[in-house]
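Got a structure for you, written out below as structure tokens; questions coming shortly.
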Amino acid sequence: MNNKRLYRAELIVRFGHIDEAGIVYYPRLVNYFHVAMEEFFGAVLGTDYPSFLSEHRLGLPAAHLEVDFLRPLRYGDHIQVEVGIEKVGTSSIIWRYRIFRPGETDPAALARIVTVNVDMDTFQKKAVPDWLRQCLEAYR
Amino acid sequence: MNNKRLYRAELIVRFGHIDEAGIVYYPRLVNYFHVAMEEFFGAVLGTDYPSFLSEHRLGLPAAHLEVDFLRPLRYGDHIQVEVGIEKVGTSSIIWRYRIFRPGETDPAALARIVTVNVDMDTFQKKAVPDWLRQCLEAYR
Amino acid sequence: MNNKRLYRAELIVRFGHIDEAGIVYYPRLVNYFHVAMEEFFGAVLGTDYPSFLSEHRLGLPAAHLEVDFLRPLRYGDHIQVEVGIEKVGTSSIIWRYRIFRPGETDPAALARIVTVNVDMDTFQKKAVPDWLRQCLEAYR
Amino acid sequence: MNNKRLYRAELIVRFGHIDEAGIVYYPRLVNYFHVAMEEFFGAVLGTDYPSFLSEHRLGLPAAHLEVDFLRPLRYGDHIQVEVGIEKVGTSSIIWRYRIFRPGETDPAALARIVTVNVDMDTFQKKAVPDWLRQCLEAYR
């Protein structure tokens, strides 16, 4: 992940994100990647994700997900979720995420998520539109 | 809540329902009332809640909610969520819930929730249909 | 709620907050009040809520909750959650919340939440400390 | 996954599990695997997961997760989450999950989750105890 643009979303681990073991419940940690993608749309693409769905009538459901949980996240952690693009295929996008706690250079979690671009009216896959492809390529 | 039929949904407090303080996160406890209502539909009404929405095109959003949290719920608690009806109005239904831990006669939580019967296509309120009213009256 | 200081937390309705009916799932809306309280601690009190728990060894579980759901919240809504204090008792605090959508002067939801100040080691109630009482009184 | 014992947990897709796109929010789908593991402990091991944590003082945080989302899950789906064991290492356990909708022989989702056995007091990894290893081997 060198020599390229990266986006970092700033999130806070909330009271209700913790589980019985006192760390972030891992399915809720997976949620951070989706929230970071939502922030990425709002911050760096010309349209936010709600408009992507309602106006462009497109959506990006996940088809595949891989996560490495390297260090536990705890209540109150102000985390950064780095968003990068591995590949933009015909209708798929491969996202890369890394979660950092402030002051740490080793990530607390890594993820690789494959999303498929779908038509929200038919839920059938559809080519990634050029405007989105161009924006995403800058983060590859 | 005497001399009437009551329904009890059996739920389990899950690992991910706990918060930093080691008890059920209270917004997630509120979720138990909705799940109990879903179970109530499936078990005692002639239609389940998914069909109520998709076939009858009706929904029951909450308009008002009151909850008393009397004792904390902990991970692994097998709880019973008692469902009763306080009143069936023209388009509103007032639900009463009590959460019990096994072997305890004092409730861990009490709730009173007012739902409005709405047309799912317009989100406008609509009279509670007679078949539903009759079913609910048996639990009043 | 006039002539007094109010705090407003800025939150965004996320993709995963929505339910089958296409609006914010009401138990998840209740979560917004807790997040707003967490933001209030970090922004206006001299200590954030994680430190309140871990260093002061105090916690604020909810004992009672009342919510009016007045207008549905939808995906992407940038909401403001106004936090005010109704009363600071010996060991209880009564919080008032109002949720607004931008540009709207009528609230989308109102809440009144009674929390009890507890010792996090014993979970027994404990007098609200003076430093907290003074900070809260400014928002009453 | 042939010629071996498999456990199937029965879960229901709830109203609040759905996202803006009308299908199960994928981080919430990941939660189903944890719930299925909790059910597996209660049903087939000699101890439930709450006791595993509180009495054995052991826990199973996830270190790695891979999920394939093959078909969307919708509100009201009565799903079966099949639990199998790929490998029991010194301190790690590799779990395999498959989610089925009733009447379908093709899975809706597949997962492979690596958990690490840890001492709940120190959060350091610890050898999988023999009694657990033996129980798990029957599902490999």
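Chains here go by letter, A, B, C and D, matching the order in which they are written, and residues are numbered from 1 within each.
One rule holds for everything that comes next: a residue touches a chain if its C-beta (ideal position, glycine included) is under 8 Å from a C-beta of that chain, and two chains touch if they have at least 3 such contacts.
Just so you know, these numbers come straight off a predicted model, no measurement behind them.
The chain pair B-D and the chain pair A-D differ in C-beta contact count, and the higher one is A-D.
In this assembly, the chain whose C-alpha centre lies farthest from chain B is A. Seen as a C-alpha superposition, chain C sits on chain D after a turn of 180°, to the nearest 5. In this structure chain A contacts its sequence twin chain B using mostly the same residue numbers, the overlap exceeding half. Between the Cα centres of chain A and chain B there is a gap of 34 Å.
Chain geometry summary: the mean Cα position of chain B and that of chain D are 28 Å apart. For the pair chain A and chain D, the distance between mean C-alpha positions equals 24 Å.
Among all residues of chain A, those that touch two or more other chains are 15-16, 20-21, 25, 27-28, 31, 34, 50, 53, 75.
Taken together, the touching pairs cover every possible pairing of the chains. The part of chain B that touches chain C in the complex is made up of residues 20-21, 23, 25-28, 30-31, 33-34, 50, 53, 59, 61-69, 72, 120, 123. Looking at the complex, you find that chain D touches chain B at residues 12, 14-16, 31, 34-35, 38, 48-51, 53, 75-76. Interface of chain B with chain A (complex): residues 15-16, 18-22, 25, 27-28, 75.
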